[in-house]
Structures are given as structure tokens and as C-alpha cells.
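Every chain is named by a letter (A, B, C, D, E, F, G and H) in the order it is written, and numbering of its residues begins at 1.
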Amino acid sequence: MITVNGKARDHADGLDLPALLGEAGLGPDSRGIAVAINGTVVPRARWAERAVADGDAIEIVKVLQGG
Amino acid sequence: MAEDLFHIAGKAFTSRLFLGTAGYPNQQVFLDSLAASGAEVVTVSIRRVDMEGGAEGILDLVRDRAWLLPNTAGCATVKDAVLTAQLAREALDTNWIKLELIGDRETLYPDVEQLVTAAAQLVDDGFTVLPYCTDDPIVCRRLADVGCAAVMPLGAPIGTGLGILNPYNIEMICVRSAVPVILDAGVGTASDAALAMELGCDAVLLNTAVSKSTDPVRMAAAMGHAVIAGRLARLAGRIPRRTRAEASSPELGLIGG
Amino acid sequence: MAEDLFHIAGKAFTSRLFLGTAGYPNQQVFLDSLAASGAEVVTVSIRRVDMEGGAEGILDLVRDRAWLLPNTAGCATVKDAVLTAQLAREALDTNWIKLELIGDRETLYPDVEQLVTAAAQLVDDGFTVLPYCTDDPIVCRRLADVGCAAVMPLGAPIGTGLGILNPYNIEMICVRSAVPVILDAGVGTASDAALAMELGCDAVLLNTAVSKSTDPVRMAAAMGHAVIAGRLARLAGRIPRRTRAEASSPELGLIGG
Amino acid sequence: MITVNGKARDHADGLDLPALLGEAGLGPDSRGIAVAINGTVVPRARWAERAVADGDAIEIVKVLQGG
Amino acid sequence: MAEDLFHIAGKAFTSRLFLGTAGYPNQQVFLDSLAASGAEVVTVSIRRVDMEGGAEGILDLVRDRAWLLPNTAGCATVKDAVLTAQLAREALDTNWIKLELIGDRETLYPDVEQLVTAAAQLVDDGFTVLPYCTDDPIVCRRLADVGCAAVMPLGAPIGTGLGILNPYNIEMICVRSAVPVILDAGVGTASDAALAMELGCDAVLLNTAVSKSTDPVRMAAAMGHAVIAGRLARLAGRIPRRTRAEASSPELGLIGG
Amino acid sequence: MAEDLFHIAGKAFTSRLFLGTAGYPNQQVFLDSLAASGAEVVTVSIRRVDMEGGAEGILDLVRDRAWLLPNTAGCATVKDAVLTAQLAREALDTNWIKLELIGDRETLYPDVEQLVTAAAQLVDDGFTVLPYCTDDPIVCRRLADVGCAAVMPLGAPIGTGLGILNPYNIEMICVRSAVPVILDAGVGTASDAALAMELGCDAVLLNTAVSKSTDPVRMAAAMGHAVIAGRLARLAGRIPRRTRAEASSPELGLIGG
Amino acid sequence: MITVNGKARDHADGLDLPALLGEAGLGPDSRGIAVAINGTVVPRARWAERAVADGDAIEIVKVLQGG
Amino acid sequence: MITVNGKARDHADGLDLPALLGEAGLGPDSRGIAVAINGTVVPRARWAERAVADGDAIEIVKVLQGG
């Protein structure tokens, strides 16, 4: 089990960040995106190498309108 | 008149109006409003991606049109605010952050104790921090002391359009502040924005007053003029308030006199 | 946006700022202020010639730069005001008159009984009458009823810079008036002028706020922007005042939420 | 005796308006000038023909700055 | 403290609160309110008898409890107002009259031209005239000049509860008036009444603020205290408003200092 | 009407006026002011003894006449404020303390971060803490959360007499507060005190407005009446503010109608 | 025809004020009452002697609550 | 050396609080007085037994008017 944006879900063995982002239609070049795992930002340059581990709490955010 | 530039953290701006990007009827109205306002800085928020796929973000829309100022709107803890700021930095490749840390969801009033703590952490982490804060001169000084690049006291609670509830405090903050003062929240109409500048603010940040007006593009233009008007009036040195009337036309030479 | 013209007695104006010509440090400052303000109408007074020879009038200075609106400033009787208006018409070849009839020299407050009488006489005599009056909605209606081309209620006594002492009345006058409403007297700074327009005024007349400011040219520019800002805000339809806060940024999708 | 702009003064016999205006340095083409005698405006076109009579109260005005 | 009497037309009053008699839930509430307020003067109106028989008048209720001040409420012409005053004199055997002459039924705003005319006629006819008027200092002076025993400028339109819209004018009227100034209309709550007295008014007349409050008797007591509070504060000479803070506790002798 | 008691930390008071004891012309004027005001609580300060011998304290003067509330006026650090509170407890045998912790000597504005810290310490140490604070609803809630017995937001900076600069915030604090709200600082005249009560405050603390007025005894009486007036008006339920006029006298039965 | 409080009505020959007032339940001692005919107040002392004439506009008023 | 109310001064050997208070004209029954030494309040009941030691920072306070 991992948590993605506050929702618990299963995850396949060997799931990595690029695959997870792919599920949301996001690729390595998607702009305005950022990811944190367990409260720490994972820089875009490290996405490819970051495997998702059981228990990870993952935040995937984008830029929206705001005041 | 020489150009009247405005600097935050070493970056110069011409326009003293900051515009929020939320709540417009549609993207075109927002773009037209932005153009009409003359604003050079816009605020954006950081929100979770919808994993089912969802609305396009507005990044492509604004990236080339304005300086982006991400916010931590809605955060109620130091931890959430700091992480949101860090995510914003990653997503937007900027170290500027409008730091919001609210005390409760009903008033959206800043929690100044947490705000100072979060501001200090973010400054240490290399951010250019612009905190949304109360109109408390001591808190504003503290925020400057911990390294904030500006302070952004509220005129009135977010979205109320009540204007500047306490002009005395805003003016006192402006007189004493070592960093730029940007009035944030509460502006309802053009004269509110002009008044903010006359009280000594360096800039005005607003969103709802434009986006939720009946005609946002026209209101954006109004706000652009209002901020210029207030700034020029401040620089020009207004006449003193007098209790007694004083004629403008010559008092001598009246017929029948 | 289509051009937002403003008509008095059939004559169209683009600028909604009327500028007084008195009290500037020198003629050049006045000319620069006039240019900076964008005003198309200026007021002048009628005074006795100094038989020993004396100061040049300002007629040549303004004749080609603006529409002239002579006043009856300082007159305290119907007879003096009417004769001054007739002399103004002869001297300037205009039938427009800003009718002032003051109740006393200390407050320069209008004497509304005499004002209505003089206005009616001048209308009968073919004048386009713009009376300087109180913020009394019944008096304003009477002035319109006797044929005045506009009404010019005061914001505050002449030269005080106290702004608009009674916004409620000014707004009520604007809602009910059958003729244009021009706020006259009391404006001290840009936000006052913007507010006048937001309340529904068709234009603003001011003098001292510009001429006696520290930097009249800059204040003139401020007033030009302020009147535009207030007019656009009025047309744009401001957001309602709310008692409770309302977030501008999206409330869903907060991290940690 | 006549009164000019509130001041009583003597006047020469046959004094007319152009002469009186001339005393103040004003000619028939001076702009921004108006004249009233005994409370009635005398149009510029009639200046030449208007003689000044004993007891006349004459107002000679010009345009000045005003608010 | 010596007794602080208040005189109109030679008659002395102790209480500076005048109370209207209309709109109470019932007679007992009115009587209790009158007692709680301490008012010595009450206003009544003059209306046509219902020829079919109808409601009892309130005369018997108030005749022995207060000085009666009949009004000409609702009259819109000099003729109607004068006749109403004369009928009131006959019905009540008093020559006191609260003269109301409204400009229209929507605003209930005084028509000052007609008001001055009617006041002059009634003064000539031997009345003690207390005119309900605008906050126009010139009109107030005119009313005193034609012989009114007091002037009663409005704080805000009748029944609005908006308080004193233009404190500047009320204060100016008080400073200049040769006759007592009674604030009439607009009071919504106790602090409004206190403010009127602080501005220099000699008394306050109100009705709706008490009769239509949730608890009229309690509000009547509130108004009684408020008028006393404002009067005492006026006499006591308030501290000046300062821009800068000033400690009340001793500044020397702090521990650790 | 049943007695309208007011409780802090279980102690009941009848009067809702707290009076400061500093700055009176002399002791007799203070005593007469105290009597005239009806106040049951007075504030005192704690200051170093002059080792050369010096002025008599005021303790004997007030001990039997009022409930004593010592303050920490002038303290700028948690340490000094806490020690001052402890000394006050020892000197006066009371665990009540008005906690002041100022951010700087120029504005005397509270330092809310330190204030919360000191309040929590003193609550833990058994004190009944009444903190002088800003008009920040989140800070007020925090102070209640750490156990303060009341909150005392400022109307305006100490000694300014500017009244209540931000009535909106004071009202919001009153609506939301779990503990009594006492308006402290800023009151200049009676209507300010009445307004505070109408906004929902439980009591008003003032000093300079009385002690530095021209006639303190009379102003003290004014304040006593004002606080009662405002309290009664609050309880009575004021009429709503209306934009449009509404007749009080009957609209039917006018003569000539 | 006469007019009473704005309403036209017939009137009996010889109708006088006391009779008219009686119709409204008012007697000569009723307090807080006043009468005007054709714009002129008729003092109470004259009520008895005042006959009502054709065309008279009569106002009969009383004291009510007012502000 | 000790410090009393912020001022450094010498002190006699064996000086105690009652003696020090006596210098300021204060006795054990003086009302509205409190004492702290080195940041800690010394209750009145302990005054008699408290000797003053070199280096002590002593605060002696009283109740004054205040706002």
C-alpha cells in the first residue's frame, strides 16, 4: 500500500515515479509538476531513479489558478 | 517624471498591481483582464493532481506573460506550508513564495505565530518570502527581521471586499517597514486600491475584486489606473485636511463688493 | 470598450475631470497640470479690472486648451451672481456658468434658497447653468426641475480636502438625478475622486487638491487616473461587500488535506 | 461723480466707455473683458456709443483664474 | 455638579432626550419605554378622525406624563403644514410645533425652501417652531433668523438607523447656532445618540430606534443613558486624538529596565 | 430587568467599566472619578521602590474601594512580564494579572508571540490572566486556548483616544470568543465606550480618556453611563440599518391628502 | 355636497358642526380634537354656532402617535 | 557588590532583606511591597531569614497607579 495524494492504493512491485506519473497522464517533460515523497520533494532529475516503496506517502502537485 | 520602479528582493517591477488568477469566468477573460490591468506579477496555487486526469493547469497561460508568485493558500500548519512552498519551487523553478498560513477556515485570518516560524524556515531554505499577514506592526517587523522580502498585511478578510478596515495601522506599518509593503486581501473596488497606495503601500495584490466583478476586464483596467493614481497622489504630497473652508477663486475684486 | 462619453447640455466630453485654474505656483505648472490631468473643462472667475493696470488674465492661456466654465465664486446675492454670470457670458462668449451663491464667507457653503432663485433666472435668460450646491437630494431635484444642465453637490467645504463627508447622500443624488451629477469641492486626494465616480457621479471638479499639493503636475496626473479608475469600477460592477471571508484559491486539493 | 469698480471718482465731460477702458490699458479688442453699467451688461458692440453719465455705477471685469 | 438644564423658548428641561410615540408593540410597552428613557418631551401627530369611529388617540396616555410636541409629519406643502400646525394648536392647546415639510415620500428628506417659508409664517402666527431640517448650516441659520426656537437637523433619513452620516456638518451647525440644536432622525443605537451630544447637540429626538428595537423598554433606557453620557463627555472636554501612543502607567521604575 | 452580572474567572461584577488609576491631577480627583464611574475594578502598576524614599503608593487609597488588577505595563520580554506578575501577586495577594507585553516603546503595540508564551506560563503558574492584545481573532482564540480568563483587544494604541479603529474585528472577536472580551486602550470619549459594548464586548477598560480629560470626574460619570448605554442597547437588539427612509408617524390620515 | 376629511358626502339642511362631530362619536368635550373648515381652524368655542354650508371642505383631526 | 533596583552598590557583611528594606523606609508590615532576588520572588514570610549575598540582583517594588 502506498498513499498518493491522500488516497491509499495498491502498487505493483517495482513501480517507479515515472510510471506513477504516467497514470495521471504526466510525462517527464510535463511542466508545472512537482512530487514529494514522505514530506520531501523529489527533484525532477531524480524521478527516473526513484522507486516507490511500500508505505510511501506521495504528493503529486501542479500549478493551478490562485489568489 | 522619472520611472517609478519598485523592487522586491532586487527584482524591479514597473506595475504596482499584483493580480490573482483564480475565479475568472474563463481563460480569455483572465488573459484580457491581465492585459488590461498592466500587472506584471500573478499569483498561482499548488494543488494535487487529479490522478484520473483533470483540468489543465494555467501555467502555460501565464508563464510568458507575468512573473509567477506561487502561494501556500489554505495551509494551516507550518509543515504543510513549508512543503507546499518547496513543491512550488520545484514545479515553477522559482524561489519566490507568497506564504499563507491561516488560523481557521472560516475567517482565513493569518496565524501569525506559525507564520513567523514558517517564514524563518523558508528564508533559511533560500526562499524569497512574501507573507500574507495581519495589519499588526509588530508582526510585520518580526517578519522583516526574519528575512522576508516584503510584508503583505490584509486590508480585510479574503474575498470580503470590505476595503481597508484599519487605515491607521496600514499607514503605521508603511512608515516603519524596512521592506516593501503590499496590501493583500480586502480590496473591493478601485478607490480601495488607490487608498492603499496613498497610505504608503508599495503595491496592491488583489484577485476577487476583479475576477468576481460583473465585468472583470473593465475592473482590471480600473485597478490598474487606481494603483497608479494612488501612487502618484502619494508622491505628489496631498493637501492637508482643513477644518475650515478656503476659497480657491480670488477673494478680491468681486463685483458689488 | 466603446468610448464612454459624457454630455452636458448636448456637448460631449471624453474626460470626466474638470479642473480649476486658481492657486498654482506659476503658469507653467498650471499648463503642465492641465496636460497631465487630461481635463477638457476648466473653471475661471470674473473679477474687476484693476484700473491702475494689473495682472494679466489667464484667458489667452486656456482659451485653446479647454472648454471654459466661468464661475460666480464669492457671490452672496442673487443680483450679484446673475450679473456676474451675464458679465462672464459677455467676456467669454459662452452661456455656460458655474453658479456659486454662498451663504457666508466663513463656510463658503451654498445658500440653496438663493441658488434655486438665481438658477431659475439664469435658465430663463438662456444660460447653461451648473450650480454648486449642497448634498441635499431635494435641492438637487429642484435645481434640475428649474432647468439646470447638471448639479454639482459638494463633497466637503471648498478647500478643506476632507473628501466626501456623506457618501450616502451623494449616491442617493446620483441614483435619482435627471441631469449629470458633478462632485464639486472637498476632494483632497485621488481616492476621493475615485470614490465620487464609484458612487455614480458623472464627473469631478477640483482645484485646490491639485494646485496646492506639493507637486501639482503629478497630482493632476493622479486625479486623471483616479477619475478613470472610479468610472471604470462603477461600470464594471464591484463585488458585493461580504461579512465573511471567501477563499480565492481553490479549496480542494490541498496537500496534507 | 461716477463709480468705477466700486470706487467713486470724477469724470470729464463727455467721457465715454472706450476712453474709460483706455485708462485701464484696455482697448476695443481686449479679450476677456466685459462691462456693466448700473447693473446691466453693455455689449462690446455698444461700447463706442455709450457715454458715461453722472451717477453711473460701472463694473469693468476680466477673466481670472478660478475654481 | 450643578443641574444641567436645557431651555427651549424659555421652558426648561432636565432630560435631553425627546421620544417619539409611534410604532410600539402596545401602549404598555410605550409607557414603560417612556419611563425608562426619562424623556420629558414626546412627539405626536395630527391625523384625520375616522368618521366610522376608530382607534383611540394617545392623548390621555401622555398628557400628564410629558410635554407634548405635535408634528406636521408627512406634510409636503406649506399650506398643509401650516394648517396642520394650527389644528395641532387647537387640539392640544400648545403653540409648540415640530415642523416637518418633506420633499418627497421616498426619502422623507426635508424641503428646505418650503420649510423656511412655513417656519416664518408660523413664527409670525405665534408658534414656537422646531423645524426638522437638513444638516445644512446655512439653512439652520436661516431658520434661526426667521425665529425658530430650535433647529432639528437630521443625522440620517427617518427610520434608517444609519446614525449620523455627516458628523462634520452637525458639529459645524452646533458651533454656529444661535438656538438649541436637536438631532432628529437617523439614530439607530445608543452610541449614535451619545455621539450627537458629543458633537455639541443640545438634545436628541428619536423614535424608531426605540419602538422598533427588539426590546423597546431596554433600548429606551439605553438611550437615556447614552444622551447623559454624551452630554457629560461634551462638558468634560475629551482628550485630543493623538497619532502616537502614550503610556498611561508610569514609564520609569520598570523592573529589569 | 434582572441584574446583568458579568463574570471573570468565577468572580461576578455589576459594573462593566474597568478604570485605570494613572495620570489624574490629584488623588481626590481620582477618588471622585472612581466613585462617579461606578467602576468595580481598577488597574495598578508595579514599579521599583525609590531607595531614597519617595511617593506614596496608591494601594491604601484603592484597596477597599475596588477589585485590584495589577498590570505588567511596559514589559517587553516574557521574563520581565512574568516576574512582574509574580511580584504583583506577592505585593497584592491576588493572582489576577493584566498581562501587557509590548513590541516597542513607540507604539506600545502588543507583541503577540511573546504574549501567548507569557500567558501560557502564567496560567500554568496559577494566574488569572487578562492579556492586553491586538484585535486579531486568531490570537484572541489562542489566548483563550492557553487558559486566559478574558481577552483584552485594543481599540487603538494606548493613549491615542482614536476610538475603535477596526469595529469589524472587535465584533468578530466577540462573536467567536469563548471567554469575556474587554476592550482595552483607544477609547477617547463616551460614544467609543458605548460602541464597544454594542459590538458585543463584555466590558471596557480605560484610563487616559478619563484622567486626562478636562474634567475627569464628569468624564468618569460619562463613561459609566456610556458603558451601561452600550450594554443595554446590545441586549435590546438594535433596529437594522436600512438604505431607505421609513416614516415613524402614521402614513394615512394626512390632511389635504 | 360637503367634503369631510377628503370624502365628498351629502349633508342634511341645517347640519352644524356638533352634529357632524357626533356622527364620529365626538362630543363638545372630546379632547385632542380640532376642526378646520375651508382651511381655517374653527375654535372649539365656535363649534356650536358654526353651520355647515354647501361646498365646505371640513377637516376633523385628532392626536395620534407620531415621531 | 549587589544590585538593587538596577543600581550597583556595596553592601555591609551580613546585610539582610529587612535591613535593606529599612533603608527605603519599608518595614515588615509595609503593604503593597514585593521583593525578588535573582529573578525569584522572595515571599514576605521569608524576608527575615534571607541574607543578601554578594552578586545578588534585588528588585524591590511597590504598587503604583497604572492603566
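We adopt the following convention: a contact is a pair of C-beta atoms (placed from the backbone, for glycine too) under 8 Å apart; a residue touches a chain by one contact, two chains touch by 3 or more.
Just so it is clear, the structure is predicted and the values come from calculations on it, not from any experiment.
Colleague: Which neighbours do chain D and chain F have in common?
Modeller: B
Colleague: Following contacts chain by chain, what is the lowest number of steps it takes to reach chain H starting at chain D?
Modeller: Minimum step count, chain D to chain H: 3.
Colleague: Which one of the chains is farthest from chain B, going by Cα centres?
Modeller: G
Colleague: State the chain with the largest centre-to-centre distance from chain F, centres being mean CA positions.
Modeller: Relative to chain F, the chain whose C-alpha centre sits farthest away is D.
Colleague: Roughly how far is chain C from chain E, centre to centre by C-alpha average, rounded to an integer in Å?
Modeller: Going by mean C-alpha positions, chain C sits 34 Å from chain E.
Colleague: Please work out the Cα centroid separation of chain A and chain C, and write it as a whole number of Å.
Modeller: Comparing mean C-alpha positions, chain C is 62 Å from chain A.
Colleague: Using mean CA coordinates as chain centres, what's the gap between chain C and chain H in Å?
Modeller: 71
Colleague: Roughly how many whole angstrom separate the Cα centroids of chain G and chain H?
Modeller: Taking the average C-alpha coordinate of chain G and of chain H, the gap between them is 92 Å.
Colleague: Give the residues of chain A that touch two or more other chains, as numbers and ranges in rising order.
Modeller: 5-6, 36, 59, 61, 64-67
Colleague: Can you tell me which residues of chain F touch two or more of the remaining chains?
Modeller: 20, 22-23, 45-48, 50, 71, 73, 79, 83-84, 87, 107, 109, 158, 162, 207-208, 247-250, 253, 255-257 - these are the residues of chain F that touch more than one other chain.
Colleague: Which of the chains touch, listed as pairs?
Modeller: Every pair of chains meeting the touch criterion: A-B, A-C, B-C, B-D, B-F, C-D, C-E, E-F, E-G, E-H, F-G, F-H.
Colleague: Could you list, by residue number, the parts of chain C that touch chain E in their complex?
Modeller: 103-104, 107, 109-113, 116, 134, 136-139, 141-142, 156, 162, 165-166, 168-169, 172
Colleague: Which residues of chain C touch chain A in the complex?
Modeller: 247-250, 253, 255-257
Colleague: Within the complex, which stretch of chain G touches chain F?
Modeller: Within the complex, chain G contacts chain F at residues 5-6, 36, 59, 61, 64-67.
Colleague: What does chain D use to touch chain C in their complex?
Modeller: So the residues of chain D in touch with chain C come to 4-7, 23-26, 31-36, 39, 41, 43-44, 59-67.
Colleague: Within their complex, state which residues of chain C touch chain B.
Modeller: 1, 20, 22-23, 45-48, 50, 71, 73-75, 77, 79-80, 83-84, 87, 106-109, 157-162, 188-195, 198, 207-209, 211-216, 218-219, 221-226, 228-233, 235-257
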